[in-house]
Structures are given as structure tokens and as C-alpha cells.
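Dumping the structure here so I can ask a few things about it.
Think of it as A, B, C, D, E and F in the order they're written, each chain with its own count starting at 1.
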Amino acid sequence: MSRCLIIARFQPLHYGHMHVIEHCFSLYDELVIVIGMASQSHTPENPFTTGERIEMIRRAIKWRGLDLSRIITVTLPTLEVSRSAVHYVKLYSPDFDAVVTLNPIIRRLFLEEGYRVVEPPAFNRELLRGSVIRRLMASGSSEWKKYVPPPVVEYIEEIGGVERVKELYREKIPGYYVTV
Amino acid sequence: MSRCLIIARFQPLHYGHMHVIEHCFSLYDELVIVIGMASQSHTPENPFTTGERIEMIRRAIKWRGLDLSRIITVTLPTLEVSRSAVHYVKLYSPDFDAVVTLNPIIRRLFLEEGYRVVEPPAFNRELLRGSVIRRLMASGSSEWKKYVPPPVVEYIEEIGGVERVKELYREKIPGYYVTV
Amino acid sequence: MSRCLIIARFQPLHYGHMHVIEHCFSLYDELVIVIGMASQSHTPENPFTTGERIEMIRRAIKWRGLDLSRIITVTLPTLEVSRSAVHYVKLYSPDFDAVVTLNPIIRRLFLEEGYRVVEPPAFNRELLRGSVIRRLMASGSSEWKKYVPPPVVEYIEEIGGVERVKELYREKIPGYYVTV
Amino acid sequence: MSRCLIIARFQPLHYGHMHVIEHCFSLYDELVIVIGMASQSHTPENPFTTGERIEMIRRAIKWRGLDLSRIITVTLPTLEVSRSAVHYVKLYSPDFDAVVTLNPIIRRLFLEEGYRVVEPPAFNRELLRGSVIRRLMASGSSEWKKYVPPPVVEYIEEIGGVERVKELYREKIPGYYVTV
Amino acid sequence: MSRCLIIARFQPLHYGHMHVIEHCFSLYDELVIVIGMASQSHTPENPFTTGERIEMIRRAIKWRGLDLSRIITVTLPTLEVSRSAVHYVKLYSPDFDAVVTLNPIIRRLFLEEGYRVVEPPAFNRELLRGSVIRRLMASGSSEWKKYVPPPVVEYIEEIGGVERVKELYREKIPGYYVTV
Amino acid sequence: MSRCLIIARFQPLHYGHMHVIEHCFSLYDELVIVIGMASQSHTPENPFTTGERIEMIRRAIKWRGLDLSRIITVTLPTLEVSRSAVHYVKLYSPDFDAVVTLNPIIRRLFLEEGYRVVEPPAFNRELLRGSVIRRLMASGSSEWKKYVPPPVVEYIEEIGGVERVKELYREKIPGYYVTV
């Protein structure tokens, strides 16, 4: 049985992620989906809780008619970045054959540690990017809905996600978090 | 859609866990399976990695002919125990309607925070207990195989799990871990 | 007995905080004053130690002729921001009836978790802001003294606080801290 | 103004603590009361939350007719024990002239770092000990009430504290905590 | 250039450690000496600070006439035990060819991750053990001096180490630490 | 025996560090070299692992013909900045007589805690600065080699360090780290 590991923060899940997920569904038996920075929510970079991000992933996969029994979710707390972070992922995940990530640094870390890193087919990475989508949400434009699958748009509206993002972009709060 | 949350360490997965899982499969649409102390492995109390524990869960569920698309795995790092731990679980998990746990303390914590806690039908809790099974493994007896589903027995043997437990019971190592 | 919870970093205590504190003194029997990011000091965002911040709070309350027996101080280490942070505050604090905060995000987090959040009467939030006051200190202007109660001005001068802030704004140091 | 620092876990507050507190009230202007292991609750060693422990302290002080405006509460998360822990306490607390503790190790740590450590007048330390009182609670005996001030007994009963302790002594839970 | 990595806690340094160190001096160009649980001191299991342990190591090596320019000290904070701990060591240490450890678990962890683990020539592991030596110190016997090199005995007496150990064995303190 | 403590991150080691190290070699018997943020690597601010940084230090000292037996390396994990950080350094290090640092804040922290802080002879601090050198590396210019000792240039090239820095400056990754 072949397995591929996908690491992302899914803040929120967008068509870039779906592109990667569908690519892996076509090549591997199972997908380990690692949700990074699971211990953070309600910040400008990570507005959604891990629970909400799992909802997005499952609804989007169901919507595409893909088989939920082939995905394995792993929730990874915020880590200090270092070469040993790769092995922390390995501790949490069942064995896998290859890694897919949109992030050049995570790519490099896994390559340096000897893993096979798979490149997804090209797509518009300038627009399909969490930070772009969150800024659109914060700006009041409904443009963001073009980059997010319909059931995820619906879910975000159901939980008042756009209002949350707007408030989070208004003022920073005490507490540590990344600034991307 | 109804969901039930199961919290356990699965060190290793045994018939007590299967009892709970099958009970939930019969009552709820989906099961959130929270693997506790995910950041620990190779200690007397937590010999198996989280990845290995996910393997055990998936193989046992498949073996029973249950539908893997109905389970959602959540991996929770070791937490300092406190009332707020309940809300840390809530942060990591999609919404759920009830909690099932074999541990009276986790039960109490969720009850105090207003959750519905479901009691699984009775079974022999004196024997079906991770600590009992690990001690059997360490003692060299093959008795432990009576308490663990066949595909999990097979997987444990495949990864040299019994030898690992034997070594871990021989001498303690520096580092912090619980003493159950 | 009614209680209100105030969360702030008090870097340093200014008239905005006093405004909130006096408002609560007029409405509640007791005030739980939560000092956030208590584990940090000597950074541009958090120049003062928690001990120094407690001094500021007590001196300012005494100066206003308010009753110190009605305040309860709680010192909260730096937390990763998430929905569960609300419950970490709850763990540290005796029961309270309402929350007051000048920060829209903390306000939102408590509202989402079902708490009553009280709005203090309006005041000039553009000027009465720790970051504005710290920048004034760093610039060498004595303008900052207009925004801070006299006994706190005196205390800050007593401990060489202005010199400390000046140095902290000159160059950043290795170690993690927020960037507001 | 003279200040004395008291460090304890108050699990629960008993006459040994009151003995120390009253001794300090007679000798110092203000008391900094440091509540240790504030980040833990619902374990055999630390059954009560920090909020509950603050309640116990304030009710007991009021009951003895002592002035609440003379105490300053500081809530300290669980720390790894080391010589630098002394300085972590110093970071959280306003300046103090002496330290009082019933624990010989904390006494030694502060002495080694050059602090004045005050010995409280003698009392029966064999019985007035949190671990003894918690075991009495767990055993079902009402003997524990002899060692705890009446308003604290009443408060513990009000929050169902005895039942909680009984359950916590029945079975240990996953998560790290001290074993005293 | 060949390098060997030694992991131990050195609480205190004894002839068992010297045995390993001398063995490595005879076989490798350089020794990386990893001092584990560096963030802990003043507990029954870890009475000495990391600074004190470095002193012991350097004095003992000098005393044996070995070359200090061939050792590299690495100070490693207390880690939660897991397979990824191996890689945390790797992050802190320059490259090495083999690992030597007296602990069967650390041995196993490095073996499972593909490292070469070297067995030191046999010696009496029942007596040459930190826990045995600390208990002797606590008991008031001077027997412990038989197991520790003379310059280390002298240093321990110089810093009042025996008194410290005696006090630490008298009563446990709040805070988390291992129980070996 | 006199000892001096040097704190830096060595990202990478440059002539500014060598200036300080040689100054200390001329005045003190031994040098404790504290490598800060040892738990981080592969970020824009901290591209090199601690092991790699130890390599740089040892190769540069050997290259200058200085005696490696006179240096003691201490590896310090990322700390939240506060006054107590000084004492965390003290916990990890053998006793020292003075501190040398190029960072005005670390200087201030040690001064406030009563340590002797030594000023190194003047040098061009505008250019000899890790952040300047990393930016040069990222820009593709070979200018950076002017600021780094030849054996360190060679080592960085040997491990593909320039490529790593280039990639790390291209895009930020999830995980917490300082932004200098």
C-alpha cells in the first residue's frame, strides 16, 4: 500500500490544496493529511481552529466525490522550526512513501533528511495562497469565494468565519504567533 | 450528523477499545478518535509511536469490517492535566455530541465542563487495560495476544513491538513521562 | 458578590487602564486583574517585569483612593493564541460575571465562548495605548507622562524604566516575542 | 514598606498555611502569596484549580479578620525544578524582603541564591500537610475537616471537592504531573 | 576525523562514565559529550546544575591527563521521550560516527534510527550508577567517594553537594521531574 | 582560573565574533561560548543547526592557532526573553567572571542582574552582523565571504549553506521564530 503525506495549515482550505489532494488521490492509496499549527486559532495567520479545518477538508473531499476512508488526519501543534521538526512529523504519522508540500522550506527540510518530495502539477500559486485569501476576506470583498470550494465557502459563512477574520486583521493581540 | 469523541492512548489498542469503538459505530454517524500523549513514544507507559497507534486503529477497524470513512483521527500532544485540557481537545476536534472514555478522570473533566459522557456497555476492565497488557509483554508471556485483535498482534510483531516493550521495562531513561 | 475580569499587559499602566479599572470599581464588588504575558520582560513590547506591573497597578489604585482589598491579581504566562486560551484564563481565575478588555480579539474570544463582555465608556484609544507610550519613551520626549498616572511615572523613573525602553528599541535580541 | 513572599500549592489551604500567613501578617506590611503549579488541576496532587485556591485563600483571610488589601496573589505555572526557578518567581513578584516556605527544598534554593528565608514558629508538620489531607478526603473519613479552616471546608463542599478528590485517587490519567 | 557521542546525565560523574570516556578517547579523535536534562537541578534525580556537571567532566578529564581540546560539550534540555528525541540530539551536535550510552533505551532509540551504537567494555553497572551514588550520599555514608574520581569528590564537597543531596532526598518539591 | 562568557547565535560565525573571541583569549583562562537559540535551524534568522555552528566555532579557533582546550561550548534552547533568562544561562554554564556580548539588550540584562559586562575593542558593527551577511548570501553576491573566516566559508560551502539561506529568504514557513 502506497501513502503520501501532505502538510499544510489550511487557513482556509483553497483550490491550491484541492489540486494537491486530488493529485495524490490519483497516485497513492492513502493520504496522510498533516494539519500544521494545530494549537493556534483566532490569529491573523491562523484564524480557524483545527476542528474547523478538519471539517473543511472532509467536506471538500466529499464534495469532490473522493473516498474519505483513504485519508488519515494528523494534527500537529506549533513547532519551533528546525531540522528535527521533520522527525516530529514522522513520530505522529504512519509510514509514508513521499511528501507533497507547497512550501519550499518544508520541501527542503524533507529533502535534506532523505525523503522523496513530490512536485504537484503547476497552478497559480500567486493567487491560491492562504494569506491572499485571508486579506480578501478582511477587505470586505467577496472575491475570496473564487478560490475556495463551495462547501467550504458555505461552512465558513455558517461559523461566521469572515467576520472573525475581519476582526483579527483589525488589531493584534498579546500572545506569540508567526507573522507571514 | 451525529458524532462521538473517543479519547485513549492505545498503548496498544486492545479489545476494550474495540468494545467502545463498535458501540459508537452502532450509535453515531462519525467517530472522532483522539490519540492522547501523541508526543511520546518508547517509554514504559507509551511504547508505541502515534503513527504506529494510527496503524493499529485502522487495521482493527478494517478487520471488523467497519467503515474507515466514518472515523476522524486527532493526535494530541502530552498535556499538563487541568480543567482547560478539555478545551484543548475541543480546539483540535470537529464538533461532537458525546464523549466516551474508559478513564474516570477524563469522564469527570468533561462532565464538569457540561459535556454528555456516554458509558460503554460493561466489560472486564481489570484485564482489558494497557498497563496489564504491557506488563504481560514485558514478562515474556504470550498471554497478551488474547486481549488484542489479531491484525494488531500481527502488526506489533511486524515492528518488533514486544522486544521494544521488554527493553523499556528493563530500565527507565532520563526524560519526563507519566508513571501510571 | 459580583466580579469582573480585566485582561491587559500593562506595559505600562496608563489612563486607558485606569478608565477601565474605575469603571469596574463602580459596578462590581471585586476585580480580577489578569496580567498577560507575565513570563516576558525586557523586550520592546513587554519592557516591564510582572512584579513591576503589579507595583504600577497597586500604586495607581491607592493613588485614586480605591480599595486594594477589592482587587485580585492573576499572572498569566505568554500563551499561544487560540480559543482554548479563554479556558486557561478561567483555570487561573476565581469565578467572574463579566470580562472587560480593550482588545477586540480577546473580546471576540470570550464572546464566542459565551461570556458577558462589558464595553467601557469611550475614551481616546488612539493615544491611550501601550505601544504609543513606549514609542514616546524611546524617542526621548517626556510627552508619555501625560498618559500615565503620577505615581506610575514616579515608579518608572525610580527603576530606570525610560532608559530600559530606549535601549530595547535600539536593537532586537534573540528569543521569541510578539511583534505588535 | 516590608514584604514577605509565601510559596505553596494550597491543595487545599490548611491550618499550616494559616499559621504561616498569620505569622507574616504580624511581621510584614504586605504578603506576596505565590500559588505554585497554577497550570495544573484535577490530579491527585493538585485537585483544585488556581481560581479555587485563590477563593480558599481570600475566604480564610477574611474569616480571620485580616486585611485583604495587604495580600498580593501571584499565580505561577508548573516549572521544571532548577536553580533558575527562584528567578522566575522573582520575575512574577514585586520586590520582597524575605521568603517563607514549609518546603526544605524551596528553602534551600532561595538560601543558595542569597535570599533571607524566615522560619515560621513550630507546628505539627506531620499532620498539616496537603498530601495527608487529600488522602483523608479520598478515604471517605471526615477527619480532614479538622485541618482546614471552616470557610474553606464549606467552600470545598460547595464545589463538590471531596467527590473530585475521591475520583482522582481512584485511577491515574494520561498527562504529566508530579508524584509526591 | 572520527567522532563519538556520549549521552549521560552525570548526576554525578562517576567511574562508569570515566570508563566510557576513556574507551572513546582511545578509539575516536573527538568526543561529543551530551549532558542530558540540562534544564533541571536541585531534584533528587538531578541534584547538580549543568554548569557544575561541566566542571566535573573537565576536572576528571584533566585529572586523567586526557586532552580537553578533544571534547565538545553539548547541553540538552529535558525532553519528552520519543523517537524524535534522537533527532533533537542530532540538531544540537556536530556530526558523529557512533553513540555510546549505558542506557538500554537510548541505545535502542539510536539503533532504531540507524545509528552505530558502541558497547563499552564491561564494568560493574550495579554499583556504578548515579542513583546508587546519590542514595549513598543521602544516607550519610562516605561510601560514595569510592565510585567518583578524587577531583570530583573534592569539587562536590567544595560546593556543598552532599548536604544538597541529603536535603533533596528528605522531601519532594512541587514541579515536574522524572522519578527513576 | 578566570573565565569569560560569550553569548551569540553565530548565524554564521563572522569576524565580529572572532574579534570578541580573540579579545577574551588574551584576557581570560577559559571561554564559555553560549550558542543561543540552539533549538532552531532552517529559518531566515537561524539557518544553521547548532551542530553546524559548533563546527564553525571550532574550525575558526583552530585556524587562528588558538587552544581548543580553553573553550567550553554550551547550547541554549530558544528562550522567552525576560530578566530570568540571565539565570537560565547561569544554570547551564560553569562559573564565570565576566560577560561579553555585542547585543545591547543582553548587556543590559546582565548588568541589571549585577554581572560584570566587558566591552570588546571597537570594530565595524554595521557590517559585521549576521543579518547583513545572511542577506548578502540570499542576494547571490559573494561579498559575504569578506566577513567570514576562510575555514568557515569553506565549511558553509561544503554543507550547501548558501543555497539553504537563499531558499529560506524566498518564503516563510509555518512555525514560530523571531523576526529580527
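What we mean here is this: a contact is a pair of C-beta atoms (placed from the backbone, for glycine too) under 8 Å apart; a residue touches a chain by one contact, two chains touch by 3 or more.
Remember, it's a predicted structure, so these values are computed and weren't measured experimentally.
Of all residue numbers used at the contact between subunit A and subunit E, over half are used by both chains, marking a mostly same-residue interface. Each chain gets a centre from the mean of its Cα atoms; for subunit B and subunit C, those two points are 42 Å apart. With centres taken as mean Cα positions, subunit D sits 26 Å from subunit C.
For this pair, subunit A with subunit F, the centres built from the Cα atoms lie 35 Å apart.
Residue numbers of subunit E whose C-beta contacts span two or more other chains: 39, 41, 49, 78, 82-83, 88, 90-91, 176-177, 179. This structure has the following touching chain pairs: A-B, A-C, A-E, A-F, B-C, B-D, B-E, C-D, C-F, D-E, D-F, E-F.
Across the interface of their complex, subunit F is touched by residues 82-84, 86-88, 90-91 of subunit D. For subunit E in complex with subunit D, the residues that touch the partner chain are 39-43, 49, 78, 164, 167-168, 170-177, 179.
Per the touch definition, subunit A reaches subunit B in the complex via residues 38-39, 41, 49-52, 54-55, 58, 67-69, 72-77, 88, 90-95.
Of all residues in subunit B, those touching subunit D in their complex are 9, 36-37, 45, 78-83, 85, 103-106, 108-109, 176-180.
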